[in-house]
Every structure is written in C-alpha cells, then in structure tokens.
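Report on the following structure.
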C-alpha cells in the first residue's frame, strides 16, 4: 500500500509544485490522479519514485510510505527494487534497443529466469503488435507502439505498484481504449495496483476505483471513481470551466 | 616485387596497428557513453597501465612470476585504479556541468603524468618479450610477428567486449542507461554501479591497449601522442560509436603509414600530424564522425 | 545612523570601475607601491623575485587574452600557447632577421597573431564545447609542425639573439628596466579587459557564453561575436608572445607546450572565469605555487631532488590544485574574495 502524507515538493529551492498532498493507493486498486497541465501530477509521481532529486527537486515536508516503509529519501533504483515501477511520460522506450531488449530490461531486477520467459510471452499476448516488432529498434516504433512497449516493460518488472504518467498522451482514441483495457486486465489478473496520472479523465475514471483531482499542486477533490465522474464541479475543474475550486 | 607489394605491405601493417588503436579508443567511448565524461586523461591511463605492466613483467626487480599471473595482477591493479579514480574524482562530479568535468580530466591528466614521472622516471622502458617477435613472410610482404599478435589480441579483446555489451544482462543495462538513464534507474539500474563499471572498464581497456602498444614500441612517457591519437580515432569514428572506433583506428593507422612512406621525403614529419589533419577535416565536415549519433554535437 | 557602504545614484556610478574616492585612494597607493617595488626588492637583495614578477606580468597578458575567448565568450581554446608561440616567433623574425624597431614589430606581431587567430576561428566556431577544444588543440600541433618545418623559424633550434628594446635611449635589458616596461603594458591590458567586460561587446560575449540561442534571439550576431572574441584574445596572446621573446631573447619550440595551454585554462578556473580580477588572481596564485615549490626544492634542508622530479611535482601540484578548485570552489578565487568583502561590509551582522 502506497501512502503520501501531506507532502510538499519544491524545485530549485524556489518553485512550489505540491502542497499538502495526501493520497492512498490500496493494494490491488486503480487510482486516478487527474488535473490539467501543470497541476502537479508528474511531480507527485516523481516524488514517489525518487526522481525528484534528479531534477533538482526535493520534498520539504511530509513523508511517503510504501508497505509501511518510508521511501521518500531513497534512490530511484532502491525504490524500483521495493516494487514500484514508474512508467515515464512520453517516449521513454530505449530507442537504440530492440523491442525484445526493452522488455528484457524490464526484468532487470528479477532472478527467476523461467517466469521471465513466461511473462515475455504473456506481454506478446497482451500486445500482439509488439510480437511482430520484436527485433525492431525502439526508436522506430510509433507513439502508440512505444507506449505499449513501456507498459509491457513495466509489467515485466512484476511491480507491486505501477505509476503511469499520462499513458494516453499523443495517442489515437482507439489505441487509448485498448491500452486502458490492458491496464485494467493487468490489475485484475496480476493484482498490480496502478496510480495513473492523466488528463484524460473519462478513460481513467472508467477503470479506476478511486480518484484525486489536483489543481495548482493541491488536492481539491477526491472520491470514488463513480462519485467523481458524476460530480458537477469535478467536470468543471478539469474542463477548465471553473477557475476557482468550490469549497468542499 | 611488383608495384603492389609496397602499398599492400603498408596497408596491412596499418590494419594491424590500427586495430590496436581502435581497441584502445573503445575505452574512451565506453566511458563517454556511460558517464558523459570527455576524458582527456585517457591516454595517460594507458601509459600508466603500461608502466604498471612493466613493473610486474619487464623490470629487473620484477618478481619471477609466470606471464599469465603477472598479466592478471596488472589487470587487477588496473581495475582497482579505475575504481579509485572514479571514487576520488568523478563520483563527486555527477550532476555538475559537463564542462567542469572536462577541465577536471585535464587536471587529472597532469596528476597522472606526475605520478608516472615520479614513480618510474622519465626514461623509456622496454616491456620484456610479452609477445613473440620476429618477421613473418607472406610472399613478398614482411610483417612483424609482434604486430600480428597485437592485432589478434586486440581483436579477441574487442569481440569479448562486444559480447559483453550485446549478450549479457549487465551489458544490456549499460546500453539502456546510456539510452535513457532516468528510465533505466526506474527499472532498477544503479547509476553508481554503472559509473563504477564504466571507469573500471576504462582503466582495464586502457591498460590492455597500453600493453599492446608498448610491446611494439616500448614504454615511455610519450603521452601527447597517445592522447591525440585516441582523440583522433574517436572523432573520426564517432564519439559514441564502438564500431566507429575500429574503423577510425584502421583509417588512421593505414593513412599514417601511407603518408609516412609517400609524403615524408617531401614534407618531413608530415605523418606525425596526419592524425590531426584528418581529425580536423572530419570535425569540420561531419562533426559526428563516421558512425556517431548526429545530435551529439549539440552538447 | 552613519551611512555604510557605497550608494549609487545613477547608472554611470553603477558602471564605473572605480566607484568612490576611497577606492581611488586605495588604487593610487597600490600603484605607488608597485612603482617602488623593484627598488624595495633590490634593497632587500631579492631581485630574483623580479624575474618571477616579470614572467608573471607576461603570463597575465596572455591569460587575459584566453579569458576573453574562454572565460567571457565561453569558447574553449586549448591552443592558446600556439598563438603565444606565433607572436613570439613573429617578433623574433621581424627584429632579429629583418631588424625592425621593437615597438613596431611588437604591434605587428600581435596583429598578425590576431589575424591568424581569426582565420583559425572561422571554421572552428561552428563547433561547441569539447569539439571546439579539440580543434584548437589540433591547431596547436599543426602550428608546431609548420614552425618546425619552416626555414626562417630556425626549425627545432629556434631563433636566438633576439634584440632587446630601447626606449628613449634606455636599454631594456635588465630585470628592473623590463619591469618598468611590462608593468604599464600589463596595466593597460587589465584596464582594457575590464572595460571590455562592461562594454556592449563584452556583454555580448557573456550572452553567448551563457546561452547562444537566447543571445541570437536578442539580435546578437553570434558567429561574428565569437570571431571578435578570438581576434582580441589572440591579439593579447601575440602581444604576450612578442614580449616574452624579447625578454628571454630566445624562442624555441619546446618553450610552448600543450601543458601551458592547460595551465592557462587552469588559471582562469582558479581565478574565476570571466572576471578580469579573477584572472590576475589565478595567474599569480598558480605562479606563486610554482615559485614556492622551486624555493622549497632548492632549500638547503631538502634532500636533493633531481630536476626531473621537480618538474614532475610541478605537474602534479598544478593538477591537484585545478582538481581541488573545480571540486570545491568552482567559481574561483574571485568568488571567495567577493564573499569576504560581502561579509566585511555586513559585519557584525553577517549572513
């Protein structure tokens, strides 16, 4: 279980990115992290995965716990070892490595060779397109294919929790549908919990159990996915209709 | 002797020597790819490595060890040296601007030179017969046996490293980290370990290469030659390409031997700056080199 | 409440090099000290220090030039020693072979060096960072080759017997006389460089150093500015080279090595890149270290160390100092100095 306790994140000692953000990602659940551009979604994920310090950022307040252990001061590599896999925004597939090598890198920390082989086949089942692109260099794959690749790569790590940063960015609607369907499947079958940061609220809330809405670095609304989907103010916020958040 | 004998001989011996140059340059490229450090002190690593080898193998006070053990010891010392240098100098520079690290390598160059001069003196030393010597005749062409041996060893070593990068998990991880370090860290690839391995490899390759060159031309302090040589090979081949190293080394060596034979009588000493001229031409026409990735020059 | 510090009421005050009467007074006293320095030294029988000071003055001029190229404009040059060499050889040929008068030859040498610097820069400035550095390094070796091969440069033996200058009937062939010639020249160069950094051109240099793309978007002609930096910087180098040649009366290839290029860069780093005062500090600092090493090694209480060991130690200490500064004080001595001044001004309040 992933727990954020009133974290405050700052970049370059001067840019305040998150204030008093608290969140809970229960085991086996899918949590949506919504908000418009610049609201702090990526920063939240980076705080969890330890990437904040690689961008001259730090947590000045609050703690982050994973399965009861504090992780907010650890290196990204250590956090990955603990079972959190951060799927980065954009084309983060290894461009010079082949599809298969990308997937093998996902299993970098694993020691169980046979299961890795089995998981590799599983990925090709989830994403048949990747099977045909097996020996192609990652850089030559299309946006949608690369997105599938990095999700598959994260799956290969068999993480307890996956953090996904805008998986639908730049993708055609049809592909978005299949990607979210597969994410749902991974969550159901493998019991991996997912924290999905997205601007595409509908698609995300359709598969999520719970959601948080960020604006200007604060959580302004949270609730079960059902409630959020129907909440009148929620719709206004992420469509940008209300600039002032309602008092909740 | 027909008209082709001389050029053929020159080209062949150029290929033999060039393979060693290419091999040495690989150490530079591996470090650059893994750590983004432009290591101006690299040539001095090779010189230092050769002198360490001399201590174990060639010097009069050398312990009477069988050759393989002596070589093994040298390589172990080389790896340790690489790790020490990483810890002392480069670990603290992670995250600092690349140019600062570049200047640091210049400082390191001076320090290493000083260490070599103080420890072994300014003399040239002969690395005792680590390789069999003598001429080998292929028809009309005469090649030096030790060059052939150097060539074979360089090729074997190159293939070993290629195997490491292509087929082992660690090698894959290093390639991934070069491709996208952040993504690699999120998958558990340790940035620190990466750095340590890169520098250990750097020292290892430099030492092997230094030994290979030394057995052919003696161990001495002529570092400026080695520094510029490696830089020339690396820029001709492409700053981040291992294939480019081999090609760069071959082109450079063959070119130098040909220039030396044909142009030296008219322009004495031109062969010594052939590498510089070629490197300049490449840098001005195609800065990324023959095989380098194009966007590198925007660094 | 008594007014502490200097308050400024208009732009010209802000831009001025010497701001207040107090600073003028300090400067005047300092200059007076400099003028009587040789006599103090000769009175205390320490005249060999004057040689050191003369060499340091020439180095200051040379490194000031490199600072314009690298410290201000951000174009890394590892070939600076080559330009000094060109300046030295040119002066040697003009005065020794062609018997030109000293000052004419000096100015022409500097200009010729600058022209060569300009020509070398034209293709080179398309590159950045260490690409540029390596190109300048290649130029250094090629320049050495050319000079070694030409007849008039005396090949590897160089040129000897370069005549000393005669100014207003006074023969400049003693350390004291050289001091009074070099001091004003060095001071003029320092003032020129300080003014340059405040001028439009100087600010253009700094702009392209920090962000060439942004500079271009402000209308700065980036390639032309880089060329200007090289021209002025190598002008200084040529000047320094000419002065050196005349001072030492011999020019030889082995006087100019890539190590010199490296030490010059080191001086800029140690002093603090871009700042004129920093350069002076950096040069004096490193040269003092060298001198101190020399004095220690020749002291009676030290065991005999061969000269090669001494030379090696010099490399090692220089390298170590450079590494230490880059690791610990990357902004150089000038930043340390400024911190001290700031704390002094704020005392007793401090940070």
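As written, the chains take the letters A, B and C, and residue 1 is the first residue of each chain.
Please note the rule applied: a residue touches a chain if its C-beta (ideal position, glycine included) is under 8 Å from a C-beta of that chain, and two chains touch if they have at least 3 such contacts.
Given the structure is predicted, the values throughout are model-derived calculations rather than measurements.
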item	value
Smallest number of contact steps required from chain A to reach chain C	2
Of A-B and B-C, pair with higher C-beta contact tally	B-C
By mean Cα position, the chain sitting nearest the middle	B
Chain A and chain C: spacing of chain centres that average the CA atoms, whole Å	55
Distance from the mean Cα position of chain C to that of chain B, given in whole angstrom	34
Chain A-chain B separation of Cα centroids, rounded to whole Å	43
Two or more partner chains touched - positions in chain C	none
Complex contact set, residues of chain C against chain B	76, 123, 126-131, 133-135, 137-139, 141-142, 145, 148-149, 258-259, 262, 265-266, 269, 308-309, 311-323, 326-327, 330
Chain B - residues contacting chain A, complex	169, 172-173, 175-176, 178-180, 182-191
Chain A - residues contacting chain B, complex	49, 51, 54, 75-77, 80-81, 85-88, 92-97, 101, 104-106, 108-109, 150, 153, 157
In the complex, chain B residues that touch chain C	38, 89, 92-93, 96, 98-100, 102-104, 106-115, 117-118, 121-122, 224, 228, 231, 235, 267-270, 272-273, 276-277, 279-280, 283-284, 287, 297-299
